[in-house]
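Both of the next two complexes hold chain A, though its partner changes from chain B to chain C.
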Partner chain A sequence: MRPFVYRRATDAQGAVATFEAAPHAMYLGGGTNLVDLMRLGVASPDLLVDVTGLPYDQVEETPGGGLRIGAAVRNSDLAADAAVRRSYPVLSQALLAGASGQLRNLATVGGNLLQRTRCPYFQDVSKPCNKRDPGSGCPAREGEHHNLAIFGHSASCVATHPSDMAVAMAALGAVVHVEGPGGPRRIGMPGLHRLPGDTPERDTVLEPGELIVAVELPALPYAARSRYRKVRERASFAFAVVAVAAALDVADGVVRDCRVALGGVAHVPWRAELLETTLRGAPATRESFVVAAEAEFAQARPLRDNAYKVPLARNVIVGVLEELL
Partner chain B sequence: MEAIEIVLTVNGDERRLAVDTRASLLDVLRERLGLTGAKKGCDHGQCGACTVLLDGRRVNSCLALAVAHQGAEVITVEGLADGDDLHPVQRAFIEEDGFQCGYCTPGQLCSAVGMLDELKQGWPSAVTGDDDDLGDEPSDDEIRERMNGNLCRCGAYAGILAAIKEASR
Partner chain C sequence: MNRVEGVAKVTGQARYAYEYPVEGVCHAVAVQADIPRGEIIRVDAREALALPGVLAVLSCEGAPELADTSDYELALFQSRTVAYRGQIVAAVVAETLEIARQAQRLIKVTYRPGEFDVRLTGTHPGLYRPDKVNPAYPTDTGQGDVEAAMAAADSSVDVTYTTPALHNNPMEPHATLALWEDGDLTLYDSIQGVSTGRDSVAKVFGLPPEQVRVHAPHVGGGFGAKGSPRPNAILAAMCARAIRRPVKLAVTRQQMFSFTGYRTPTIQRVRLAADAGGLLTAVAHDVVEQTSRVTEFAEQTAIATRIMYGAPNRGTSHRLARLDVPTPSWMRAPGECPGMYALESAMDELAIECGLDPIELRIRNDPATAPESGKPFSSRNLVACLRAGAERFGWDGRDPRPGIRREGRWLVGTGVAASTYPVYRSPCRATARVGPDGRYTVAVAATDIGTGARTTLTLIAAAALGVPVERVTAEIGDSALPPAPVAGGSMGTGSWGSAVVLACRALRRALDEHAGAVPDTGIEAYGDTAEELAGQQDFARHAFGAQFAEVRVDTGTGEVRVSRLLGVFAAGRIINPKTARSQFIGGMTMGLGMALMEESVMDHEFGDYLNHDFAQYHVPTIADIRDIDAVWIEEDDAHLNPMGSKGIGEIGIVGTAAAIGNAVHHATGRRVRDLPIRIDRLVG
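Let's look at the complex of A and B:
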């Protein structure tokens, strides 16, 4: 690991100022991804600004009936939070579907959102990778990509975003609160993450020095019935092949509203907007779910070895929506 | 190289030392404090052999930078027993043959202790049903899911499962 300077911040303004004073600073949350990437040689900051001591470790109800989750809240605390389990079970389930008990005890909300892809080429410094080393090429496109993207990929990158938590937050329309050199701003999910285009080195729309301080979940009463289902290559402690976060609002046999987001299929947590539009106002039946899912997957562009994800994801979506009836 | 002075309370003893910013908590425990119970298995947070209790919670000490845990209270496998009296989880591992080569065992033990405490606090897992009472003896599926971060290459899982079940009573 390359040497670096460590500084512990006590407030957001101080963290941002410290960050800006170094050429290659990074913020440190729980470290479960970043420390590993530093050890692998994928990340080599000259300064780590530890933001786990900032006063953002609470989950609070908002006046509008939603929740404000501090960026330093640990994944295990968020998954066990009574208000989250009651009003947004999809979020608790997504968190518990990810990683291990030990990792969830360290990992923070902000860090979870900003974790990097587990594409094997990105994590191996002996291989080219446009995300790690812009312009070096993407071996995944013709190589090992059976678990990579089917939506929104580009000639330069076919990586997927690895977070489960972010998929649930994208479905719930979470709003990310950011502090930074240009002042505070809010970013609605799924808009935090970006498609790779020809700049896959950028995972998100955050500018250098910007720091996530909170994630706000808007009130969404029908999310009290919501669900996360994850398919992976082993029963536990693995990244998603396909994951589905869904909430369904049905009245008189008709879908009034719905939220569906997918994990393991794109460079971003993929909000299935075409599916949602197709399903709103339709009869709440298996047939409608199939039609809506197929509308979404009409825009899929699977690679040589991952076309299996299309029927798999469609079937998981239909199954989850049927469970929510 | 930058070194920073930190204080850790390790198994009840206050330890003050200057550490390289790059040092993991695992390296500090093993190389600086002579506590070689926690093991370096994968060094990537995937195997769980380095599991210790950090401020009462189980964590992968290989991914925790020591400088980021100034003032923390750490319990390693060496600190589980009360003098010559083994921790109930340690006794159950012996009783139920919860190991073969023993390399993963310190991590399994610390993880099991942390996990049983999480159960006691009512934390759900991915396999917990809406109507499950976590005050009951945990099911095999609950224990397996909650111990997913600890690998055993000898495959002593049957004994580990029995031991944790025994210790949970």
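Let's look at the complex of A and C:
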């Protein structure tokens, strides 16, 4: 671990100004991922700006009937929030499906969105990785990738985004509020995270120094019936092999609207837009769900050892949608 | 009986190796090779040494000489050879751990890399026949004509199973605190045997054993990975000698996937033949596994097959490939654990071929004497375990048809498998002492690696002395105590306890001589089991068991959940039911991990185990363990030891994976012959 300077910020402007003064600064939330990466030598910041003391630890209802979630809200608190559980159960379930109780007590909303891939090559500094060391290569493409991406990967990176929470937020169409050197801005989800292309070192569209201060969930009444289903290699405390966040709005036997996002399948929380388009206006039946899922997976490009994720994800989607009927 | 050190452990008072406070202690960190094979050209430590707080860098360049280099893994820096990726090639010592870790990244090692081979296959061109398998079993055995029996069989199976490399992963990583004083070395080490550990370390440094002392009062698990000193012990002592100050070294979790041992991957062909009545006519078990280029470790995978079932035609064999990998070593029930996975899965397949209940097939083939040696069993209660388990588990009336029990999205199935583990015992000494205050102390250089050994020895001593346990203390975990064998091979309690009993009996005789009056200096007596062991009658001594699993398999996702797990064991007399149950269900839990999730993935491009932390190498969580239970049949076996006990530390892991795999087949109709039974092997 390299020596680094640690500063505590008390407001967003101060945090951004402190960040900008150092060549390799990083914001520190709960530290559940960043501190590990520093120990492994994957991240070597010279300055940590601790943003957990910023006044962003509340969940508030917005005038439009949605919720505004402070970026410093801990995962455990957000999962237990009464309004989240009532209006967006998919988000509460996704949070509780992630990590362990101890980690959720520390992890923040902002940090969770920005956690890095758990691709084994990324985490091992003795091996090449384009995401960690641009231009060094991607051993995962031909190596161990049975739990890596089937959508949207590139020649330079086949990693997946590890967050469960972000999958639910992508399904809900969350809006990320950012402060930064260029002033405040809003980024819709999906849209915060980016596909790897030939610059996999960039996980998100955030510019250097930009700080997530809140995540806004728009009103989505039918999300009161929503679900998160995570498939993993053990019953708890494992990253998703495949995860599905879904909400379904049915009237008179017809799908009026739906939201489906997938985890564990791409470099981003994967919003299943083709599936959604196919399903809107279709009869709310198992057959429609299968057809819609097939439409989505027509664009999947599985790697040598992860084609099993296609039938797996399809089965989970169909199962979750049926449960929402 | 509750653990005597239980309160100390849960209140954080029990000290582990890394936790001893020592004035002026420094910190060492190991630097590892990032090539799998080659020669070190140069170690450039200038930048590291320039860092304030760095005290020394050790490597093959100017390394302190070691007296004995016969164990490659312990002969640190004695050559320029790299034999596996992750081998220790340098170490840095600094005032703080942080400085040491910073300096670690500044050490530049340049190599001349060589061609390497890390891929085990059943047809590897380098397969060879080792002279013996661990620790001293014949490599191959055979009688009759297996081929002919297979050809003539009414029912037969000829199947190949594979198990992946597995890493022991005790909770406490290996750690050492080393202090030199006037040429004497003291180690606080996380190790399973202080006497044997002391002897090994003394040999490496060319010291008489009495100049080395090893303390290990508390050890946070070992599962074989701490069965002998690992490089951390030697490295800490080398660093401490180099800088003339005490040195601490804790192996990281990631490093535990490189140089602290693991279970070899196996490729196992099992052939079984049976007549129309379900009587076995042939049993053959042929194993391919790996060892390193530098040290031979030949896992005894097929030895359980030599004693399990009767058949006139039989054979076992072991073949090894020398690869550019770390040396495999002991991991909980080396041999029996992977071997019985294959044999007991094949027995399930044969039962289906024969149209017999798998319990009935095992009962019909239960031998009266050990099938290959012809020796009588000291006791053998496999059949009793199977019957008791069937009763308790609700096996009777089981519909054998696979893939027909559906509960919502789940398919439900049940499976059974047998367990076994040999009864080993090694010579041991102990003392028993009584003070004028009427308190008794027994002393033996045993180690409690979390098993409850200290508690069990207290019970054994109290019983032998005929006094309440409150008046007895067991002193263990110090090589200055009477020498004892390692906590391994499930022989700890049997070996140490026998010596304790002899010492206690001697003390009672001495007390009788004093007419019960204890002088101010107390009375001490001595026990040594060497003679008694040498005079043991020739029996086949084994513990047996039966494991039952009920699994639920999600039809859409291939997720497997083990809803019930029951083990019934026959392991002599159970001395402390409370800690014994923990040993059994702990082993079964580890077996569940082996069945469903544990797998060290060899990275063929880079030549190391890729998934080297707990986020990537999955062991079971509490949520994976639902209804688990272990019970036992009390055996009265006079041919074991003074306590009448068999070892219980390892048998719990033997057979679990087969029971679960058999249940998965019963649930789904799919036979997965490659562990672990991952989602991708069942979905679709």
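Convention: the second predicted complex is superposed on the first by the 325 of 325 C-alpha atoms of A that agree within 3 Å, B and C clash if a C-alpha of one lies under 4 Å from a C-alpha of the other, contacts with A are read in each partner's own complex, and residues count from 1 in each chain.
Following the convention adopted for this analysis, a contact is a pair of C-beta atoms (placed from the backbone, for glycine too) under 8 Å apart; a residue touches a chain by one contact, two chains touch by 3 or more.
Note that the structure is a prediction, hence the values are computed from the model and not measured.
K.L.:
Once the structures are superposed on A, label A:237 by its partner contacts, choosing first (chain B), second (chain C), both or neither.
P.N.:
A:237: touches chain B and chain C.
K.L.:
Just chain B (first), just chain C (second), both, or neither: which does A:48 touch?
P.N.:
First partner only.
K.L.:
Contacts for A:4 in the overlay, against chain B (first) and chain C (second): which applies, first, second, both or neither?
P.N.:
After superposition on chain A, A:4 lies in contact with chain B alone.
K.L.:
Would you sort A:76 into first (chain B), second (chain C), both or neither based on which partner it touches?
P.N.:
So A:76 only meets chain B here.
K.L.:
Touch test for A:35: chain B only (first), chain C only (second), both, or neither?
P.N.:
In the superposed model, A:35 contacts chain B only, not chain C.
K.L.:
Under the stated touch criterion, which partner chain does A:146 make contact with: chain B (first), chain C (second), both, or neither?
P.N.:
second
K.L.:
Contact-wise, after the overlay, does A:108 reach chain B, chain C, both or neither (first, second, both, neither)?
P.N.:
It touches nothing on chain B or chain C.
K.L.:
With the two structures laid over each other on chain A, which partner does A:204 touch: chain B (first), chain C (second), both, or neither?
P.N.:
neither
K.L.:
Does the superposition put A:118 against chain B (first), chain C (second), both, or neither?
P.N.:
After superposition on chain A, A:118 lies in contact with chain C alone.
K.L.:
Can you list the residues of chain A that meet both chain B and chain C?
P.N.:
The answer is residues 1, 3, 236-237 of chain A.
K.L.:
Which residues of chain A touch chain B in their complex?
P.N.:
Residues 1, 3-6, 8, 28, 30-32, 35-36, 38-39, 48, 50, 52, 76, 79-80, 85, 92-93, 96-97, 99-103, 105-106, 236-237.
K.L.:
Give the list of chain A residues in touch with chain C in this complex.
P.N.:
So the residues of chain A touching chain C come out as 1-3, 41, 118, 120-121, 123-124, 126-127, 139, 142-144, 146, 231, 233-239, 241-242, 305-306, 308, 311-312, 315-316, 318-319.
K.L.:
Touching residues of chain B toward chain A in the complex: what are they?
P.N.:
The touching residues are 1-2, 4, 20-22, 24, 43-45, 48, 51, 54, 57-60, 63-65, 67-68, 70, 111, 114-115, 118, 121-126, 144-150.
K.L.:
In their complex, what parts of chain C are in touch with chain A?
P.N.:
Spelled out, the residues of chain C in touch with chain A are 34, 98, 101-102, 105, 409, 556-559, 561, 596-597, 601, 603-606, 610-613, 615-616, 618, 620-624, 678-680, 683-684.
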